[in-house]
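In the two assemblies presented below, chain A is common to both, partnered first by chain B and then by chain C.
Up next, the complex of A and B:
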């Protein structure tokens, strides 16, 4: 079994286990929180492709997420589009936006990319929040084109309420799980493919990689587009799942929360983002009682992880395994097969 | 004519405030390739410390300012010792320090929020009254900000060009390894640069809050603007960033007058996006050869 097959099998196994949760637990809170975990995990798994594998420190992921969410909400609100159609449209718009962004930051490196993408996200946020001209005037009050400060609500549903009655949230749970599973499998395929190797080569020795005909341009656009699709889709699903979209999706604490997931789990590893998302969801749950102190806790987690374990928990684990195999290899000098 | 002069006057005041906070950021980036995302929180901390010292303890205003500057400089040194130093030699230092300082910023901001509460507070260090010159209304406060900014920038420029430690900072910025081989204590230089940056952030926080009011998240906008100015000027170029700060301040005043306040920030951000795409090294930045 190749590494890719092993990872995909593991992923399907975990998904299968997760699919059992609504059958075992009838606590609604657990199920809905896990649905949120699916959404955030999808975002960070795809962010990891850009940041960890591609080595491009883009902060635009929440903007892409917001584009997906806003497109879905606006299509539903203004045109009554069915959510099943609106979700992929939102994801595709995020792809278009992301490819344009990828073109824009092709020449930049390191922190300049972070600044550019942060600026783009901020422009989007400010245009939405500062727009106070009424586009329509429904009975509920003035509504700017992009929802202004209060955003959109009641724009549509996936129809689970009619289908499943009071258990509608279970339907959404499986939609979220399906999105995460597909996003995860795509991420594994990308990492364990020539594209993943190409990125590794471009990172480790750019000149040699370019001399061997690896086109940074092509790969960068691919990864921007691909990750934007799932990020946008996660945003669309977030809109449908919460039933409301507002400028809060742009908020800095959101960005911090997601960034911490990647850092804690392990940048550039296959399972790191998921592990990080899981841990931070639990951490947030534990710090729920603390109120404003929660942000201090999040900040501390981020700083400690960046300083002490740059490759996150998964990276630490991998190093440990490597160290142990190295030690046994020294103690017992047997011919050993090369494994990657 | 009067309107134009008035716009120019308020634009220069804005630019002067931006210059103070930008100089600190540019200095740190130039010396150690570190984008300090906690700069905004340190700025807010400076404003609140002066509020605490002058408004709360009843100390005279200059003492309050010095107190705020010293504490913020100490915070800068702490950030170096605890966060920056352990990862200084690592491969992805630029990205890692960026992320780590985001965390530091959030911690500082939350501490301010916990201590002083979310309501806006007035900044006690300010100068009432104003002067009308050739039909232009000039509050003393604005004149003082302009004066302080010019004084600080001149002092910083002199220190960097003429003093021994200034030479050490410039040498470290040019080539860390060579500087170290020549006996420059680079750890000391880094700590000092972050301390200067922290102190400048405190002054910037006090001046900005004296024109509006104190809020725990008041540093976010000035920090983003300082980054914009740094990028437009070319990260790490100090004289360039002071010029760019004044230019951006005047530009912002014009945009605010012509298009209205709510579009000014978005237009500035679009400007920086255009500059980054067209001239990634900034207007005053040198093209750096890629080191492999």
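Up next, the complex of A and C:
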């Protein structure tokens, strides 16, 4: 079994286990919180492709998420588009936007990419919240084109309420799980394919990569486009799931919360983002009652992880495995390189 | 020029590279016919690595032309040069540090030979076989899973060589392939280069280690301040006053003289 087959099998196994949760737990809160976990995990798994595998420090992921969410909400609100259709449209629009952003970032390195992508996200945010002109005037009050500070609500849902009655949230749970599973499998395939190798090679040494036939231009656009699809789709699903979309999706603290998940789990590893998302969401849940102390607690976790495990939880685990195999290999020296 | 005479594999015509007012390469011309091993030497700052940069497309010549089999490639990108059949091995211990040894070679094998318009989901078996062969050729078989960042110097140099060879280049550019190695290790690398050249690959190499340069090169080019100081057989180096004065010095000159004398006996 290749590493890729192993990882996909593991992924399907975990998904199968997660599918059992609504059957064993009838606590609605647990199920809906896990649905949110699916959404954020999808975002960080795809962000990891850009940030961890491609080494491009893009902070645009929440803007892409917002584009998915807003597109879905606006299509539903203004045109009454069915959500089944609006969700993929939102995802595709995020892809287009991301490819354009990838083009703009081509000549930039490191922190400059972070600055530019953050700026673009802020411009989007300010455009939305500063728009006070009424585009339509429904009974509920003035509605700017992109919802203004108020945002959108009641733009439609996936129809689980009619189908499942009071258990509608279970239907959404499975949609979230399906999105995460597919996003994760795509991420595994990309990382463990020639394309993922090219991303990593370009991250490690762009000059050398060019001399081995890898074009930074092409693969940067690939990585921006690929990772945007599921990020946008997660945003679309977020809109449908919460039934409301507002400028809060642009919040900087939330961006940092997601970034922390990747760092705690392990930047550039296959399982790191998901492990980080799981851990930090549990931690947040556990410190729920602490009020403001919660932020301090989250900060402490991040600091401890960065200091003790610079490569994250999964990175540390990988290092341990490598160290163990190296030690066993030393114990039984292999005859190699007779020529020297 | 008549069409029946095939052009040299690589040809530099009046190549000049300026960085502001600094002239790194000054009106340099030379031809490299297929099958040769041309060794480039010269003091630090003579423009050797800059010449490689210009040939491999990482830097564009200020003026002049670079021809690959008669085709003008002066403004080609490194990726295009790579797909045109040129493999450059860098001076420093360059590698994809976070990848394993095998993945370093795989990525070169996959992308280095031809342009991949849409990269596939997995590598063809032929690519994996080429990787096996390249690792075996340089003597790195068995280190497949080692992390590149943790490799010792010789292994890193061999890895660079393997990932260049796996691209099946027609022209191999080696920038100080044995800098910092021991005598025994130098012989190991020399043996590989000799074997590669015997399969018909043309080699252009930069080296300060005279033993390596003199014994391998079919012809030697010494640069100084971006200009050609000497071009000819290695045996003539020690007798050339300029080369001895500018580059070798008296001691090394005698050493090279002894080397070429020994070489002459070997080769006959």
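Assume the second predicted complex is superposed on the first by the 326 of 340 C-alpha atoms of A that agree within 3 Å, B and C clash if a C-alpha of one lies under 4 Å from a C-alpha of the other, contacts with A are read in each partner's own complex, and residues count from 1 in each chain.
Here is the rule we go by: a residue touches a chain if its C-beta (ideal position, glycine included) is under 8 Å from a C-beta of that chain, and two chains touch if they have at least 3 such contacts.
Bear in mind that the values here come from a model prediction, so they are computed numbers and not experimental data.
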item	value
Clash or fit (per the criteria above) of chain B with chain C on chain A	fit
Chain B versus chain C as contact partner of A:123, first or second or both or neither	first
Contacts of A:25 with chain B and chain C, given as first, second, both or neither	neither
From chain A, separation angle of chain B and chain C (C-alpha centres, steps of 10 degrees)	80
Partner chain in contact with A:193 - chain B first, chain C second, else both or neither	second
Partner chain(s) touched by A:306 [first = chain B, second = chain C, both, neither]	first
Which of chain B and chain C A:9 touches, first, second, both or neither	neither
Partner chain(s) touched by A:298 [first = chain B, second = chain C, both, neither]	first
Contacts of A:207 with chain B and chain C, given as first, second, both or neither	both
First, second, both or neither for A:328, with chain B first and chain C second	neither
Touched partner set for A:215, first chain B, second chain C, both or neither	second
Winner by number of chain A residues touched, once chain B and chain C are compared	B
Closest approach of chain C to chain B (Cα atoms, Å)	8
Intersection of chain A interface sets (partners chain B, chain C)	205, 207
Touch list for chain B against partner chain A, complex	35, 82-83, 86-87, 90, 92, 94-96, 98-100, 102-107, 109-111, 113-114, 220, 224, 227-228, 231, 235, 262-263, 265-266, 269-270, 272-273, 276-277, 280, 290, 292
Residue ranges of chain A touching chain C (in the complex, touch as defined)	4, 189, 193-195, 197-198, 200-201, 203-205, 207-215, 222, 268, 322, 325, 334, 336-340
Parts of chain C lying in touch with chain A, wherever the complex brings them together	56, 58, 77-79, 81-83, 87-88, 90, 94-99, 103, 106-108, 110-116, 119-123, 139-143, 145, 147, 154, 163, 167, 184-185, 188, 191
Parts of chain A lying in touch with chain B, wherever the complex brings them together	57, 104-105, 107-108, 110-112, 114-116, 118-120, 122-123, 126-127, 130, 132, 205-207, 252-253, 256, 259-260, 263, 292-293, 295-296, 298-303, 306-308, 310
